[in-house]
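To start, the structure under review is shown below, and the notes come after it.
Read from first to last, the chains carry the letters A, B, C and D; within each, the first residue is number 1.
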Amino acid sequence: MHSTDRARRHFSSDNWSGVHPEVLAALAKVNSGHVPSYGHDTYTASTIARLREHFGDRAEIFFVFSGTGANVLGLQTLALPFNTVICAETAHIYTSECGAAEKHVGCKLSPVPTRDGKIDRDGIAKHLHDFGNDHHVQPSAVSISQATEYGTVYSPDEIRIISGFAHEHGLKLHMDGARLANAAANLGVSLREISGDAGVDVLSFGGTKNGMIAGEAVVFFDPELATNFPYRRMQGMQLSSKMRFIAAQFDALLDNDLWLKSASHANRMASKLAAGLDSIAGIQLTQQVQANEVFAILPREHIAALQELSSFQVWTESISEARFVTSFDTTEDDVTTFIDRARAIIAG
Amino acid sequence: MHSTDRARRHFSSDNWSGVHPEVLAALAKVNSGHVPSYGHDTYTASTIARLREHFGDRAEIFFVFSGTGANVLGLQTLALPFNTVICAETAHIYTSECGAAEKHVGCKLSPVPTRDGKIDRDGIAKHLHDFGNDHHVQPSAVSISQATEYGTVYSPDEIRIISGFAHEHGLKLHMDGARLANAAANLGVSLREISGDAGVDVLSFGGTKNGMIAGEAVVFFDPELATNFPYRRMQGMQLSSKMRFIAAQFDALLDNDLWLKSASHANRMASKLAAGLDSIAGIQLTQQVQANEVFAILPREHIAALQELSSFQVWTESISEARFVTSFDTTEDDVTTFIDRARAIIAG
Amino acid sequence: MHSTDRARRHFSSDNWSGVHPEVLAALAKVNSGHVPSYGHDTYTASTIARLREHFGDRAEIFFVFSGTGANVLGLQTLALPFNTVICAETAHIYTSECGAAEKHVGCKLSPVPTRDGKIDRDGIAKHLHDFGNDHHVQPSAVSISQATEYGTVYSPDEIRIISGFAHEHGLKLHMDGARLANAAANLGVSLREISGDAGVDVLSFGGTKNGMIAGEAVVFFDPELATNFPYRRMQGMQLSSKMRFIAAQFDALLDNDLWLKSASHANRMASKLAAGLDSIAGIQLTQQVQANEVFAILPREHIAALQELSSFQVWTESISEARFVTSFDTTEDDVTTFIDRARAIIAG
Amino acid sequence: MHSTDRARRHFSSDNWSGVHPEVLAALAKVNSGHVPSYGHDTYTASTIARLREHFGDRAEIFFVFSGTGANVLGLQTLALPFNTVICAETAHIYTSECGAAEKHVGCKLSPVPTRDGKIDRDGIAKHLHDFGNDHHVQPSAVSISQATEYGTVYSPDEIRIISGFAHEHGLKLHMDGARLANAAANLGVSLREISGDAGVDVLSFGGTKNGMIAGEAVVFFDPELATNFPYRRMQGMQLSSKMRFIAAQFDALLDNDLWLKSASHANRMASKLAAGLDSIAGIQLTQQVQANEVFAILPREHIAALQELSSFQVWTESISEARFVTSFDTTEDDVTTFIDRARAIIAG
């Protein structure tokens, strides 16, 4: 299943892709002489200043290694062990981080059923009970993913409704933005309009899935929440000693809006792929395509042959639903070739 | 204190240095096409195979982001929360990881007093009591640093005595090898002779301080201890999605023994620096120089002026003891210039 | 709502009741002289020996303070933080222990939907996936409640099917037996037939709800699981220094089968109460009554008046479902009086 | 070593003793009818009101099962995982709770060397460094034991100096008062003068060692610290469902100052025992006797014979130092008989 031809591209995940050449080039630019470690260097300071242009002057911003690290450490500032964080039953933090939040925050996650990866006020409301009852975990935060794990996107209004509802009940709003760039590209809005401006309190802003080697940013729109974050980050094993190299990668993403170009491109490839799949008899899209992911039911008997063309993930075995993910480096040709061959295979 | 001239080098820490050019070059070599994420790629497999040539065929090897990550996740395999890990009172895990082991393993660390960063059988023995007493934490592991935080080095025999003693009492031996390369270079032995072959059960093998961007390896010489490590690594926020880029860095370290050349060079620069400092009246070395660190008592009134020459850390304020660290990129000239100017300053 | 007449009884919970007089009397019998603390006394040893007559010679048995303590510490022996414990969405460990399992075990709990508090093979199977996938928590145990939180009871065969299925997949079976006595009384079987003999690996055997002041037993049918339990219990804040007084309470429960008499009586009172409620027009039972709990939908407009007669808990506000719990000290008259008056109130 | 004559008394520990008859009698007084569980009953409310007469109107008071539970849950309100709690190296929380604080709070404990179980400003000051350094745990609390594990007692002034110093540096003061009654009795002061009035922020007030079956109180002199305590207690497995029975025990301690009478008596017996031991050639007291404990070096060759007379603990094997503890039920005759026989044995 896994190709041995290392130059090929696939639809397995945006983290199967390598690094954007401009990101790689940026590393060399900062690789000169000694600078203070652990983020006390001027490169880090300057990149954070640039990120503030996107997220606002009051934003407190910290780099970490990984998306799970960003989510866990962000949630630690929003929940004590007797709290619960309400999230979609499909949320990465609920399904795909091997219980990291439960272990590191020590709290329960309360899942909300969802068809498309999004949750709303009604779903959240079902977990808003037993405030003050010491037998019950106390809701302290809501976490949403933007874009969701199903490649769908919350509009700024949808987020505002959730944040308003959460705040009204004394809860904070966390956003897993591993693919925030893709959501912003889809909506044609700034990063800020779908995070801080829409009421998000703490954001994991992803870099890795958008062309970086490794690096995410935790963004606090409420600076008070960040007070102890340096300690949490170090204790949480997410403090890079040679921080300038994470900063340099984000710097490259910010130059000439590379983040937006890469995300827009990936989104466009996903749309094209979706249109192609939709045009094949026997394939049925299962989700709206609003970011860089396509979900589709495939003819079960052809899945193995299709995976020979390009690796992709079978998402829901029982209904032979597959997930296709595009990346900054997915080409038009990758898509066309796959669709043409897939059509032939399925046509038999 | 922090230089604004980014091309300068300092004696603050080996993580103030940048990345070895060959390490940087290695990233580009693997940056082509899509490969399976999370370490299921052939680059990772091949680097691990190369590392096994150094650590033995049975070694189970995993890449993680950071030294604290390597230590914490390694210790998790050696201790349950009711256990204790015995270590030097100067150990990085005890003093400098913001309580990461206590939080993530959930256990106590039991400190052994030390003058030079090393511990021995007698010091360990003081914590070997109350086995079977349910009020007392149960010793399950010893952790030593090689080289130590004081730049001293355990001989293979010294390690063997500790591992033999530990095993005899049912304890495992963990080694924080953030500077293992420097120790091996100093002793003129292989990496294996001072780790697995000397009875170490779990090793944190450092890459970052020896010229990498970020990346460490957890090496299990007892493969059974590694059984659940993939889950621990993911839950522990230390699983890199684009793993090939950590593998590539280690690959560069292995090519033409770059790891050894870099470590030997740094050690040599430390020796030279030590000799120079020792030759200045009013300066007194406080530790043997066996790796890439020099500890010395400086005339308190000149410290500020000396730090203008090159940043370095005041280690023990009360006795005006400073720590100097050399790196793969420290030059002879860096040392000579510093010594010459320091001599002049102190001579007044 | 809370009565100020302290001699009254209610249907709120079996822990609203006091202590059985014979249990209280038993305390005085052991209150003489000094004995070793922390369970190293002969009273404790002798009570454990008596409990082994019920649970089998190989059973390892430990006293703890509370039901939550018993559950959490039992589960700690069955799950590491990267594991998950599968349980009913209505399980006490999932809904009513303020996230204790998540905090103390550090693992996720995976809820199975249920109508009657019971789960079966199919419900469990839905969580048996992604074995070996390091992004997913690994199922290591199933936990069932006997009797359930809905007052229903698993037959020995039902438990055997679950334990067989769990063991087949490498999972252990945990039982929350806070009301195990009520289940045994209902089924007319021994305590062992619905625990160890039916494949349960670790049991929380409840005493408090059956007439004790405070005290539960953790029973390991697989003695190897108990190896480190003494340390877990002490670290887990569940080791009573004057253990003889917990032992004495269990001793009283065992004398003349007081445990069975009390549980049978409570069950009988629940049946009588259920029959009475069922005979009132406008009241609808919602669960089978197999232990000492009755669930019924009440006319919403009369709930306040009914609670004046006797305190009871509104279980599901949305459908005005109430829970009634009987106890060892509930009298026939308590039931008759309540039913008669309730009938009058509802008849208007 | 452990006597089979259950009516005998020993000098092993104050938790080897049984329950004061008045405490036992108090249980029956509250054992009537049903009352709200989990502390929502009027007995609990009334006992807490009585305790407030001792600890002040603003004190927030909660009952828990055990001393370790009281300490751990109290410390949870004073430290996050990246903090450290400074305590004597001999503190119960450091040496004798099987790492409970490290596991449950998740933080490091920083030990202060001590000869007599007490710590002072200088010892604490050694741990007050690296504030703001994210590699170092951040001191957030000091914990002292009153009386100490060596049977010594802090004067109100000594406590005030510590609390002043702690508060000045932003730290809170925790007190493990498992034997607070003995300290108060020794000093002839109220409970409050050596806790809240002397600057203690959170206190574990012990009942078990002073004649109760099981029960401690966590007392918050700063009510804000108590805000989330109900959740911490439930999640922390320390919430007794039939709380009235813990309340009743404390009630008995308060009636006619039973707590003071019992503690004073135990202290007197310790003084008498100390005087007796001191009068025997070959025995050397090692600590001041200010509470109900006596520490003495015994002739090693006679220890076994002396333990036949009465069980006691060998505290420091290397110097054959023993610990003797007296209790509310220790009699003058117990002491006299032991001394007489010990003298004879040692005289040979």
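Things to note:
Heads up, the rule we're going with is that contacts are C-beta pairs under 8 Å (C-beta built on N, C-alpha and C of every residue); 3 or more make two chains touch, one makes a residue touch a chain.
Computed from a predicted structure; not experimentally measured.
Chain centre most remote from that of chain A: D (centre = mean of CA atoms). Chain centres here are Cα means. That of chain A falls 33 Å from that of chain B.
Mean C-alpha position of chain B lies 51 Å from that of chain C. Each of residues 38, 81-82, 97-99, 103, 106, 134-135, 231, 234-235, 239 in chain C touches at least two other chains. Chain contact topology: the protein chains form a complete graph, every chain touching every other one. In the complex of the two chains, the chain D residues touching chain C come out as 2-10, 12-13, 15-19, 21, 24, 27-28, 30-38, 40-42, 65-69, 72, 97-100, 103-104, 208-209, 213-214, 231, 234-242, 244-245, 311, 327, 329. Considering their complex, residues 38, 80-82, 106, 134-135, 138, 228, 230-235, 239 of chain C touch chain B. Residues of chain C that touch chain A in their complex: 81-84, 95-99, 102-103, 106-109, 134-137.
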